[in-house]
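Each structure below appears as structure tokens.
The same chain A turns up in both complexes below, where it pairs with chain B and then with chain C.
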Partner chain A sequence: MNERRATDRQASLRNYIKLYLILIRTSVRSRMQYRFNFAFGTVLAAIIQLSEFLMIAIVLAKFGAVRGWTMHEVGYLFAVMTLAKTLYRTFGNEVHNLERYLVEGELDQLLTKPLPVLLSLLPRGFRIMFGEVIQGGAILAWSLGQMLHSGQISWWAIPQTIFAIVTGGVVLFAIGMATATCGFWTTRISMLQNMTEDAAQTAARYPLTLYPGWMSGLLLTAIPVGLVGYLPALYILRGELGLWVFPVLAAASCLVVLLALRFWKFGISKYQSTGS
Partner chain B sequence: MISFRSNTRLYQTLAAKAYARNIQYRGSHLLHNFASAAFGYLYACIWIGLGRDHSLGDYGTIGMLHYITFTQTSLWVASFTTMGLGIPQSVRTGQIALDLMRPVHLFAHLMAKEWGQIAYQFLYKSIPIYIVMQLALGLTPIDGGRTLPLALTALAGAAYMAICMNYMMGISALWTTESSWLYWGNQALMNLLAGFFIPLEWLPGWLQTVAWASPYPFMLYAPTQFYLGKGDPVLLLGTLAWCAALTLLCMLSTKALRHKVEVQGG
Partner chain C sequence: METISSRAVPTVQAEREAAIEAVGLCKSFKTPVVAQGRFSGIRSLFSREYTTKEAVRDIGFTVEKGDFVGYIGPNGAGKSTTIKMLTGILHPSSGSVRLAGIDPHRDRLRCASRLGVVFGQRSQLWWDLPVKDSYDILAHMYGVCDADKAKRLGEFAELLDLDEFWDTPVRKLSLGQRMRADIAAAMLHDPELLFLDEPTIGLDVNAKRNIRGFLKVLNEEFGKTILLTTHDMDDIEQLCRRVMVIGGGRLTYDGTVEGLRREIGLPTEIKVTYRAGYVLPRQGDDLIIAADSSFAMRIVSRTESTLTVEVNRQDVRTMDVLRELGQRGEIEDVEMREPDFEEIIRRVYG
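Up next, the complex of A and B:
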């Protein structure tokens, strides 16, 4: 009996994954119907990202270092955060846009589908963010290249960085989902997103030692954006802490996403439609 | 021929209605201000951190805190205006055809509404954020507030330029479904070329040249220099010239819009 239940569960998981991939393909196809718009958006996204990095680069060019962190090290923090955010927004953009579903009552339609809400929600906003990938990848390649050349880091830094980007993406997704869940009570979440996503991610592009103790503590625990770039960079770039950073990052990202999922489930059980 | 002058009362009413519509949500917006002030505080922390290891030129750490406080406050007047003045939505719903049929010029109509929005944002966003940041950073208004009249005059010009730029970005919705990217691109340029976070004289030479060839420095940097008591009143001439040039471009783009718009059933 138990074996049969386990087989059924595996089969339904396989079906969900298959369905998820089909929905993603549909979403990509619909976007590619407007090729000029796609190219236009990609170019502008890259320019926006570049201008954001220029702002940081200019500060570093003017002052040399930020609290002992060189331009390449801060470039690394910026690039890891950009790529982790890109990963989160590629797969989880609709979680970030949940307010629209709540305000316009679109969530009610998703609730009537014979699928978990997250599964029908996530593929809708799937988008390929070439602009961000190109720009984040270029800054990462530049900063890693310079540090490899100077002997500050070894080639091991590359797989370690990829690991940090993946766990970072998961952490950002968890923060985004937990923030969005508050919308089941408050409906409007943009203000909260400004604090937990926009401001927090901007803060974590710089070394956390810039901030007062209470703020860096907050960015490592309550809104753990410090786990995305800063914590792995301490080991990968500066040889501080130890190899234990990686299992800790893996465990922390699993923990935050599980907590966020539980919160989401609880939140959705309390959801009341805004009506139409 | 559509007259601009004969509709003064209409424009006043449109502005007043936009203001009144916003005031319904002032409680929620006042809460929103904490998020904006948090951003300002974050940028201030970066300059405090930098100021610990480096001298911050003529500004000094306190000067940079004043600088960030004023630019963060000014964003709600000079930058966070309605995306494309609402034209992209009008294009999508077809409302634009009706708007063009009205006996008022589209630019003047949308501008009047936006002035109401900006007046609201100034009172319920800029001023509270300014007060919160002054308190959080332990600052007092520069020169007892005597620099404010000139700074606010320059800021009013910046608001007008923001309206013009958003109008043109809105009109681009007739050619692309991705006009929102122009809005975000404009925000990014505001951060970089308007001197939102870094005073323009600290930018590399080539970028300073690019910045001064655009209207951006007159949108944040010039008002902030007036606030800090460092601005040359001649800068106001630059604001005036850009206001005139952008108005002309808005008129020309309205002509292009009228040629482009087509109604497909209903």
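Up next, the complex of A and C:
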């Protein structure tokens, strides 16, 4: 019996993965119906990213180092955050857009499907973010290259950085999902998102030592954006802490995403829908 | 048409289970009170004051397999809220729902795969893709194999004329086409139970007829249990065996269409044309009292040769009315008009 249940679960997991891929393909095809919009959006995103990069380049060129962090190290933090965020927004963007579903009652349709809501929700927002990938990748390559050249880091830094980007993406997704879940009570969430997502992510593009202790503490625990770039950078770039940083990152990202999922499940039972 | 009906043979227990069982359903919505005056925005953010709106209060009913139930009531009476609780979208504040014995909230996924849901105001199809693509995706979602899908879609296409817009993106369909496509989508996985929230809203006469015909076939030939909400009384009269009326969140009537008519007690109009005029005992009186004074009828209108009276057919047999009127002159023709269903509903909605 148990064995059968296990194979059942395996079969349904396989089915879910297949379905996920189908839904992603559907979403890409729908988006391609509006090719101009897609192309224009990609170009626009690239321009925005470029201007953001110019901003930070000016800051770096002007001040060089921030609180004992070199220009390359700050560039690294910026790039890791950008790439982690890109990862989150590529696969999990629709939790960020949940407000639309709550206000318009669009979630009704998803709830009548025999799928976990997240599985039908997430593929709808899948998109390929060329602009962000190129910008983040370029800054990362530049700062890593410089540090490799100066001998500050070894080639090990590359797989370690990739690991940090992945766990960082998971952490950002969890924060996004927990924030969105508040919408089941408040309906409108964009203000909250400004704080927990946009402001927090921007803050964590710089070394947390820049901020007062209570704030950096907050950014490592309540809204753990500090786990995305800052914490791994302490070890990868500066040799502080220890190798234990990686298992901690893995455990922490799993933990926050599980907590966020729990919260999400609870939130859905409070969904109020809209009149029709 | 074999595939739709030849679902796994239900066990004895499943046979006994009602298609829908709702017990003591309540739903109240809490909305924070918006403060007035200075800093109102900030104060409402921290205020713990709520207004509670009870959308549905203590609704309970049972729907047997194969039933066709109409659920009516004025806007804001709680129809949609009830349907959303039945389909597992909203969690009831208290009370319970069982669909074929399954709790749609605790066991949403299992329940959803046995359920078809159509919201007249929303589409479940993929807006930017051709209609047929939506069916492919839904088939994957519900685990419908290719052979079943082809067979069912073949049947639906015939009954609903889907062929004419098979390759058209959903966003370019007319409302009637979209609704047909949506209903077919809801039936693709062959659910035993179908919920429709205002399926005929905004449709023209032909589209309505087409959809009614399809629902009738689903119910009568395939034994599907159907519950629909509507404001169109023709839907109710032509389709439903049972009507439930909700008003102010409570169930105010649950029974047959005829029963509802009787309960409201609207009179039937009988118009009699006389060959050569008629004699009334007293001019100016608008009541005719039977010779044996067992009943009375009110005169609605009269012309030189016709007389229209109103009687309540619970109280009087039509034959007695005609016999009575026949004494006033030689009857050439008789017309009867049953109370208009719209009229009944107007009374029900109050």
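The rule is short, and it goes like this: the second predicted complex is superposed on the first by the 276 of 276 C-alpha atoms of A that agree within 3 Å, B and C clash if a C-alpha of one lies under 4 Å from a C-alpha of the other, contacts with A are read in each partner's own complex, and residues count from 1 in each chain.
In this text, contacts are C-beta pairs under 8 Å (C-beta built on N, C-alpha and C of every residue); 3 or more make two chains touch, one makes a residue touch a chain.
The shown structure was predicted, so the numbers you read here are calculated from the model rather than taken from an experiment.
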item	value
Partner chain in contact with A:20 - chain B first, chain C second, else both or neither	neither
First, second, both or neither for A:40, with chain B first and chain C second	first
Touched partner set for A:246, first chain B, second chain C, both or neither	neither
Per-residue contact with chain A, leading partner among chain C and chain B	B
Contacts of A:112 with chain B and chain C, given as first, second, both or neither	second
Shared chain A contacts, counted only where both chain B and chain C touch the same residue	34
Interface residues, chain A side, partner chain B - complex	34, 36-37, 40-41, 44-45, 47-48, 51-52, 54-55, 58-59, 61-67, 188, 190-192, 194-195, 198-199, 202-203, 206, 209-212, 215
Contacting residues of chain A [partner chain C, same complex]	15, 18-19, 22-23, 26, 29-30, 33-34, 105-109, 111-116, 269-273, 275-276
Chain A-touching residues of chain B, taken from the complex the two chains share	28, 31-32, 34-36, 38-39, 42, 45-46, 49-50, 52-54, 176-178, 181-182, 184-185, 187-189, 191-192, 197-198, 202-204, 207
Chain A contact footprint on chain C (complex, rising order)	29, 76, 80-81, 84, 87-91, 105, 108-110, 112-113, 115, 117, 119, 121-122, 124, 126-129, 133, 137, 140-143, 169, 197-198
